[in-house]
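In structure tokens below, several structures.
Below, chain A partners chain B and then partners chain C, in two separate complexes.
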Partner chain A sequence: MRDDIFTKRRNDNLGFFALLIVLTIGSIIITKYDVMKGFSSISKALIWGGSNFYPDAESLRILPQILPKLQETVLMSIAATTVAAVFALFLSLAGSRTTRINRIFSVISRGIASLFRNIPLVAWAMVLMLAFSQSPLTGYFALFFASLGFLTRAFMETIDEVGNNSIEALQATGAGYFHIIFQAVLPASMPQMISWLLYMIETNIRDATLVGVLTGTGIGFSFDLYYKRFDYHAASLVVIFIVITVMLIEFVSNNIRRVIL
Partner chain B sequence: MALLELKNITKYYNQVIPALDNVSFSVDVGEFVSIIGPSGAGKSTLLRCINRMVEANSGEISVDGVISSSLTKKKLRTLRTKIGMIFQHYNLVDRLTVIENVLHGRLGYKSTLAGVLGRYSQEEKKQALRIIRILGLEEQVYKRCDQLSGGQKQRVGIARALIQNPKIILCDEPIASLDPNASKIIMDHLRDISTEMGITVIVNLHQVEIALKYSDRIIGVNKGKVVFDGSPLELTAGQIQTIYGSESEDLIFDLGQRHAG
Partner chain C sequence: MLFEESIKGWAQLGDSVKDNISVKSINPPLNKASFAMRAILLTLLALTIYFFFSLDYQGINVLQGFADTFDNFKTIFLHPHAHRFTLGEAFVNVVVTLGLAFLATLIGGIIALFLGLLAAQNLAPKHVTNFIKGFVAFIRAVPTILWVLIFAVAAGLGSAAAIIGLSFHSISYLTKAFSESFEDLDRSVIEALMASGANWWQIIFQAVIPSSVSYLLSWTFLRFEINFANAVAMGAAAGAGGIGFDLFMAGNFYFDLREVGVITYLIIAIAIVLEVASMNIKQKLQKST
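Up next, the complex of A and B:
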């Protein structure tokens, strides 16, 4: 009997790897992908990047132009994420199995979360362009909607994870719904929620660049501008500043996480 | 008049087998009652029917002269303030301090706003400290509950129930996750609560010896039916076998240590 379990597990693993290999080879054949050429062109790309895509002394002249753009992008991302978090908190409380008021609310808020999450950020940006044209508002709403979907889902899972043990205890003392939310659910899930919020801010600063390219605002627009002018030195300087900013934000949020968790 | 009276309580989780089958008994002020029986006999369901954490399908329960089954939501909350509850897994909010968890026991008496903001009166805080001292946790008052041992956590659970000024305390397997030492401390406290404060204590237990040692009265439950109801002195080896079914034939019970009453 025991042997059967071990044999079965080994066969399952073998089957899984076989499937993986078939999928890989299958897609290589269908797309006519030349593996050798693929790998050799990586080195070519690196050589091109090394000889063209680096900032030089001359490109530093653009600093006064890109720094305000960078600031605008970072602040817009933070604003979009934090406002989305407030709405996500209400939706997740209504949607979570442990804190929902009734089934209908739960289905509605899960539906909203899933809808907003499954429409890609790029699609949001393009659609909102029609409404707000080229303005920071377009990027703000694109990030807001995508964050709302993701954060609602993450918050809901967090609330479900802290479980209903303490909720049951407070119900038994005669505490009301809002007592339980504010005295048990939120204190227990707040650190994890803040951690998700910080993660979302980091992701959104990266994504804001992409949205900026599409909507012609912020630091993304600067990159797009220099890139299309073949001013690779300036474009690479923009990229370096984005990377430094994201790393800084990550550093700060990691420290915050260490304190609260 | 009896403090707690159950009449013909029946509860179905599915249509076929009742979890509780026509259960009737009454309990007096200050009595220490143990409910024993095999796993799945309906002990937890029985306890939760008393404060309506589980709704019985039929029958009538009166607590302190109030018939609980017909109460509105608001009146039910008032009734629950008179019934403390202690859980196997303590059900505390781990990230909050001992005193905050203890004060949760007062939420049933609070308005929505006062409870949400966690505003407790000087008198309530003093009472909390008094109870914490009685239970020997004065050094842990401002510690977070995730830093406590199991026995300490359960004492916080007891303190949370006591600050409700309850007439009854329901204990669902209070020592099932504790070592013998901590178990003894918890059971001694529960015994004192019953003897000295005159609060009725109803305990679900796995351990027959502990039930014999501490209880004024034992109720044996099997398959949702009360099969024994009497003092520890009346409980014979044969009756233990009826309660636990054929599995108990090989079990050894030390019937020597009975509570003298």
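Up next, the complex of A and C:
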């Protein structure tokens, strides 16, 4: 018996690794990925970065241009996340198994969440740009719709996790739907929801850079501009500011999480 | 600048909240956690309102913009049609994007496995874990698109830069996830093995990895899902090829919304398949352990 278990385990492992190797080779062929070039580019990029990709005294002159862009990007991410969270809260209450009013609402809100989450950010950005052109609104709505999809799923899972016990207890006392929502569901799931909200803000600041590169807005556009002009000193300064911002926000949210969770 | 504002706002908002609460005796006593939650929500609300007031609307009619966007999405979803490529070609490009995501996940996963071991507090000395955690936090703070563009200078635009750039974020994400699953392992198991004379590698391969393998796999697959979406974006923004590049050309170059529709449908279909697969893998692995 013991031998069987070990042979079976070994065969399972062998099968798994064989599958991995086949997939790896297939992927290398179809993406035309040059493995050696890929790894040698890391060291090349490090050497190049060390000799070119650092801010110099002259690049500091762009500070007055990039700081407002950075502020706009951060505010945009926060605003998109906050407004999306409000809508996501309603959608998730309608969609969660424990709090839904009826099946149809649940299916509709789950469908909206899944659709919005899976439409690629690139598609959102491009379609919105046709209507809103190169304004911060394009980036704002692209982030808003993508966040709405993600937060609805996250909130729905949070509400499901809170569990039926407290809801059933309140139902037994004859509490109405809104009492149950406000007295049991929301207080119990609020810390986790806020944690998701903070996570989404961090993610959105990084995604805002991508949307910025694509649509020509915010801090992403500043980077793209200097990058394409081969002004790497200025581009590196933009990267440093993004890194500082994201790390600061991560630091603040980690501290908040420690208090509320 | 912004943070000073938010901290200041936080303090002010916090005071007003406190006054409100003390009047109502029905509410639960105000502890630190619920105070922090109210404060953070009000701060976010204030910043959101400030954003909408400070925004440069450039004379754009928001309602009109929404109506246009709705019309565009109607074209995308109701009249998809491709004439610059066949469905077969589009499908091949989807597979290319999947390949980019797979390679990035594989490279990221292998490196993250080692970094995760070094970042787990029960397996490595404290200064090593702190160093690794700081390192991956830095990697995570740089957006993926910037990593790809930075590597593109050295490797040229193409799949190599995209895969290396994508795997950087995968390393950071998976190192964090892996080290947290390793830390869940009961300390007594490690101590028992240490007492029996097992060395570090034996502890890793006989206890740590077997006990967390199901978590490692489900995290890795989740990252594959994320990498697929990222690979689409890198195809569009960094010329990495695949379906993302087609999407970019159709949307930003030809302004052909019907073609965008075909591509969007394909991407959504793959994303939903991956999502369902990811959930199934999670359930199956949780059952088997």
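One rule holds in what follows: the second predicted complex is superposed on the first by the 241 of 261 C-alpha atoms of A that agree within 3 Å, B and C clash if a C-alpha of one lies under 4 Å from a C-alpha of the other, contacts with A are read in each partner's own complex, and residues count from 1 in each chain.
Methods note: a residue touches a chain if its C-beta (ideal position, glycine included) is under 8 Å from a C-beta of that chain, and two chains touch if they have at least 3 such contacts.
Remember, it's a predicted structure, so these values are computed and weren't measured experimentally.
Contacts of A:5 after superposition: neither chain B nor chain C is touched. Looking at the superposed arrangement, the partner reaching more residues of chain A, out of chain B and chain C, is C.
Using the contact criterion defined above for the overlaid structures, shared-chain residue A:57 touches neither chain B nor chain C, since it reaches no partner. By the touch criterion defined above, A:168 reaches chain B but does not reach chain C.
Of the two partner chains placed by the overlay, only chain C lies in contact with A:256; chain B stays clear of it. Once the two complexes are laid over each other on the shared chain, residue contacts for A:178 go to chain B alone; chain C is not touched.
Judged by the touch definition given at the top, the superposed model places A:242 against chain C, while chain B stays out of reach. In the superposition on chain A, A:191 makes contact with both chain B and chain C. Of the two partner chains placed by the overlay, only chain C lies in contact with A:227; chain B stays clear of it. Shared contact residues on chain A (touching chain B in one structure, chain C in the other): 191.
The touching residues of chain C, counted against chain A in their complex, run 1-3, 32-33, 36-37, 40-41, 44-45, 47-48, 50-52, 54-58, 60, 62, 64-66, 68-69, 72-73, 76, 92, 95-96, 98-100, 102-103, 106, 137-138, 140-146, 149-151, 153-155, 158-161, 163-164, 229, 232-233, 236-237, 241-242, 244, 247-248, 251-252, 255, 257, 260, 263-264, 267-268, 271-272, 275. Taken together, the chain A residues at the contact with chain B in this complex read 165-166, 168-176, 178-179, 181-184, 187-188, 191.
Residues 20, 23-24, 26-28, 30-34, 37-38, 41-42, 44-45, 48-49, 53, 67, 71, 74-76, 78-79, 81-83, 114-115, 117-123, 126-128, 130-133, 135-137, 140-141, 190-191, 194, 197-198, 206-207, 209-210, 213-214, 220, 223, 227, 232, 239, 242-243, 246-248, 250, 252, 256, 259-260 of chain A are the ones touching chain C in the complex.
Within the complex, the chain B residues that touch chain A are 51, 53, 76-81, 83-85, 87, 89, 91-96, 104-105, 107-110, 112, 115-118, 157, 160-161, 164, 170.
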